[in-house]
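Take this structure, written in structure tokens, and hold onto it; I'll ask about it next.
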Amino acid sequence: MGLEEPGFSAYIPLAYPSPTRFLEVLEALVPCTDFFEIGLPSQKPKYDGPTIRKAHIGALEALGEAEAGGRLLSFLETAARILRNSSVPYVLMTYYSDHRQRVTSLLEAAGNLGAGCVLFPDLLFDHYDHMQDYIEGSREAGMKPCFFASSRFPHRLLAELSRRDPLFIYMGLQPTTGVELPIGVARNLALARKLVGEAYLLAGFAVKRPQDAQGLVRAGASGVVVGTALLERLEKEGPSEMRELACRLRKAVKEASMA
Amino acid sequence: MAIPLKWYNISADLPRPLPPLVDPLDDGGSRIALLTRILPSRLIDEEYNLSRYIPIPPEVVASYHRIGRPTPLLRAESLERRLGVQGRVRIYYKYEGALPTGSHKINTALPQVHYARLDGAEEVATETGAGQWGLAVATAASIMGVRAKVFMTRSSYEKKRARRVLMESLGAQVVPSPSELTRAGRRALEKDTRHPGSLGLAITEAVEHVLSGDGRRYVAGSVLESVITHQTVIGQELLDQLPEEPDYMVACVGGGSNMAGFAYPAIGLRLRGEGFEKTRFIAAESTASPRLTRGEYRYDGLDSGLVLPLARMYTLGRNHVPPAIHAAGLRYHGAAPSLSLLRSLGLIEPIAYNQEEVFKAALLFARSEGIVPAPESAHAVKAAIDIASRSRGDTVVVFNLSGHGLMDFESYEVILRNTGGESLG
Amino acid sequence: MAIPLKWYNISADLPRPLPPLVDPLDDGGSRIALLTRILPSRLIDEEYNLSRYIPIPPEVVASYHRIGRPTPLLRAESLERRLGVQGRVRIYYKYEGALPTGSHKINTALPQVHYARLDGAEEVATETGAGQWGLAVATAASIMGVRAKVFMTRSSYEKKRARRVLMESLGAQVVPSPSELTRAGRRALEKDTRHPGSLGLAITEAVEHVLSGDGRRYVAGSVLESVITHQTVIGQELLDQLPEEPDYMVACVGGGSNMAGFAYPAIGLRLRGEGFEKTRFIAAESTASPRLTRGEYRYDGLDSGLVLPLARMYTLGRNHVPPAIHAAGLRYHGAAPSLSLLRSLGLIEPIAYNQEEVFKAALLFARSEGIVPAPESAHAVKAAIDIASRSRGDTVVVFNLSGHGLMDFESYEVILRNTGGESLG
Amino acid sequence: MGLEEPGFSAYIPLAYPSPTRFLEVLEALVPCTDFFEIGLPSQKPKYDGPTIRKAHIGALEALGEAEAGGRLLSFLETAARILRNSSVPYVLMTYYSDHRQRVTSLLEAAGNLGAGCVLFPDLLFDHYDHMQDYIEGSREAGMKPCFFASSRFPHRLLAELSRRDPLFIYMGLQPTTGVELPIGVARNLALARKLVGEAYLLAGFAVKRPQDAQGLVRAGASGVVVGTALLERLEKEGPSEMRELACRLRKAVKEASMA
């Protein structure tokens, strides 16, 4: 699986707002999304801001918390089928800490379900020693690895990750999703681009406006992910307004290279 | 020798990525989101900067010049003689006490207050224990023309008169914490009208004060990566000044800013394979708050009240209540995230000393070198003396004298009284 | 900018010869002859040196380097703004408080203690009031490896704890004066067991102590020409640093050493017709000891006990007992001979200020520039502010900030309490 | 009158130890003295050390203090006659403060008595404004002026004095007579020599040993004056021992230029 470049990706937590409505959301977004980032709802979404955290909680509640793990996967199967039919690629996003004991099986399952990769944003920060296992597990499951980096990140490691033939390197522009701090994200992205060479550089966290998304591509991003802004639009206005935003975002991203 | 024009951001060279600050997930809000209303914007930007070098704004370079940077690197020849190691061991120290407020703290107070002013702030607020940080902020605020409000732990407020009066002379408003000014303060006073205060509580009050009005910014004395990065002017100057690569580089650790500022540029060279291969980096802390020697490496609150995000660091637990040592600046429960990471990787080696041995070393140093060290810095002095005394062969030790003790005479008075001031060494 | 390698001896350029020190002719002995047993030999040689420039011994140059010379020349832009004179008046100040003991005194303590050691002395003795000079001597003695004995006026000994404790921490023996150690002390105590001491008596005790044993030398804090010559490192650096020739050069006067050190190199240029034609040299003193404004120009004792020779100087009489002002360093009855001569010729213009107006200026300065001035130096601050405020056209004022007030917090505490710390200016 | 160069001068207070013995001393010294410096005994010999101060007091007592002024001058006449007979020049030395009211008459008298000049050591320090009067008064009395300088002295003034055609410029090497402090007198003298050009530079104050006197000439002195050392020798050992010292001093001075 390769990713469109420049690409626009929508992040949605699986089974949010409810399993049924999630599928509606997915279908609504398909026309305006190059690839999806599907988050597995977590009890401890460490890097997520209030909106997505609430979404995770909502999703877990909707699935029935106790046995969420099992149901999540089976529900993912449904979602994956839809995406396969519409031939929109997707990647999974979930916290490594949530799966420490069963990472291999998660990777296998994801591979079987056609995911492009499984992104563990906390892998390199809290489980650095498992990086190699993760890379191998991904390949064994027929996927590429993908990596999450932050805006205080070792340069040499960024360069090294780019040499591991990743599906993408995800640049977390902000410290937490949906929260926009006054950070020079374009500067950071431009530097990251220098460090990762030709690798697919995906930028995300608190991107909200089409012109911002466009700016990120100009600064060096291969693709842009938007989550919180879409969820907020969905909650406040509804699925079609959400789709409308996604389309504008995608359009801005696509037009970035023409400017 | 010139003043550096950039700060060094070690995150760019760390062997592993630095675990980010996170929200405690204990409510529906976000401490991280709140930072925009607490910290100066530009500080936030620096906290999340991917670059290896962060340009120092020209106004800050000018202010560094103004306060007398670069600070000197001195050779402790008299101390070498007193220790009987002359000709074999060479001891150097970088003297941050030469700065106007008597410690390295002004290195970050200046940019932070400048950044607050860029945000249009008319007042900066912060906490202070012994007063080193508060005095640095009061000074920077006076120079930059903004007001300063300093929440000073009540026990220090009552006992450490020197720095309090000086802060007030500089125009800062010094408030004993807990105070009636904030919800957190009133709550503490309700429980105990004679509450002695704690650094954690004072932080909470300062932040609450900032959040409860317009035109205010909180400025942080240590621990935040952006803040400790400001201190790298020390270590960059040092690289220019050092006549030889040391076997040991030593600094004391409170929140970690002087150690980081002193050692990171050298550690960076080591990490990039450009030098300092043989150098050991020693972090001297107090047995009263032995976070690096005895703490756990885990996520914990930056402050006891959890008004700020969590950081992954060596910690004694954010509710750690240290004994009342003279080196009040070392009584913090944690250590800066990058310092903690380096310690976990063995690149920084911690050692803890008790107050008695530290002051003995401090007096020996004062009587050899003519500088009374700050009680905090005296921990580095102790470590350097220990290393020098024990070393067998040719050894080069460099330590950071992060501050002088001219305003810590109350501590020295107690020590001299107890030892009868007898000759040492 | 480099450290000067020579001191400037203004006697070589004075419009008239300097009246020499003389014996009082009150007995068959000679105070001048006694000097060989009191002062370091090399200091005596410098006291009687015809050269315009006196080479600074390499060891002393090295120690100047060590203590952080050159000191900065700073522009007081915030103060200009606070005074509303920005764009028209430029105020600069040379900051001697940047030195490790917080004042210019270390500039002469280092060479004098070095000279004492050249004589084989194992101990130096001196007197001190507020402790600035004593602290400088204790520091120099510690660096140079000799013992220090400081006779501290008893009232200061009891009230000014900070500098006393610091001197002790540096290994100096601090003795309240009058003491039981000397004849002069015992005589004073017999008369009054609670004698508060005086600078004059403390000098007598220190000199008596030196004369009553071997291996001792007395070191002098000001007034002697050799001593004030040491301070010309200040003014020589200044000439290198000044961006423009000032209309006014201002310093405070106790014995005259900081004024001399600051202004003599410029006055020398004026006297030799090489510049500074328009500059006015202003000496700020305290109304408590207004020697230059109200004293007589005549021969008088350097000390009240007449253990030292007489000098021709502006004097209030060697038994002058000034009121107990905070600026203890300005309470001397006379002023250095060359300074007195220049004042008599109108080349130096004196002005006296009272304590209240001085501290008001000090607080205004602290709150603009971030530096709490020593109470002594605050007199120069006051004069500079006055000149700046009153000036009509374009004016350049440079003053000498001879010391910081970090250890004078007791004085500021009293002042803040009395003024309620209200906002100034 | 010109002074021998290199020259040796003996300083003795007039009428010391007593009028009669003074004349003996004078005669004893004549063979070994190029010119005399005769001090008028003073109540306040400000720049004199203990030995010469005592000598002044002794002389005043011997003359009968009350009317010393008058007797001194008439006694000086006697001394001057002796010196004229032996054709040894002499100069007078006295404090300006002692004669403030009658300087002109003193200069006249000295001129009449054949003095080379009257040296007022305190003139330039305490009575600077009278310098011009002094110079003119000296010339009117048929003498040259002579000046006293110290080792902290304005360079320009030294040079200026040398241009006033002085009989000599006296360099007070030490702060007080007879007291030897550790002062680099040769350094000071060498510098003074540069400043006064060709003028006769007389060095004095606490010169005691022949080799020191010789060193001073080598350093730049035209002549050397010795007082205290001679008086001490006289008091402790007697006139011939004193003369013996004077001869050795003079010999050393004379030989200086040959080395």
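Here are a few things to note about the model shown:
Chains here go by letter, A, B, C and D, matching the order in which they are written, and residues are numbered from 1 within each.
Following the convention adopted for this analysis, a residue touches a chain if its C-beta (ideal position, glycine included) is under 8 Å from a C-beta of that chain, and two chains touch if they have at least 3 such contacts.
The structure presented is a predicted model; accordingly, all values stated were derived computationally and were not measured.
Distance between chain centres (mean CA atoms), subunit B to subunit C: 35 Å. With centres set at the average Cα position, the gap from subunit A to subunit C is 70 Å. Centres computed as Cα averages put subunit A at a distance of 104 Å from subunit D.
The touch graph of these protein chains is an open line. Each chain pair that touches appears in this list: A-B, B-C, C-D. Residues of subunit C touching subunit D in their complex: 9, 11-23, 25, 28-30, 32-33, 35-36, 41-42, 44-45, 47-52, 225, 312.
Within the complex formed with subunit C, the residues of subunit D that make contact are 44-47, 49-50, 53-54, 124-126, 128, 149-157, 174-176, 179, 181-184, 187-188, 191-192. Subunit C meets subunit B in the complex at residues 65-66, 68, 71-72, 74, 78, 81, 95, 97-98, 100, 102, 138-143, 145, 161-163, 165-166, 168-171, 362-363, 366-372, 404-407, 409-410, 412-413, 416, 421, 423.
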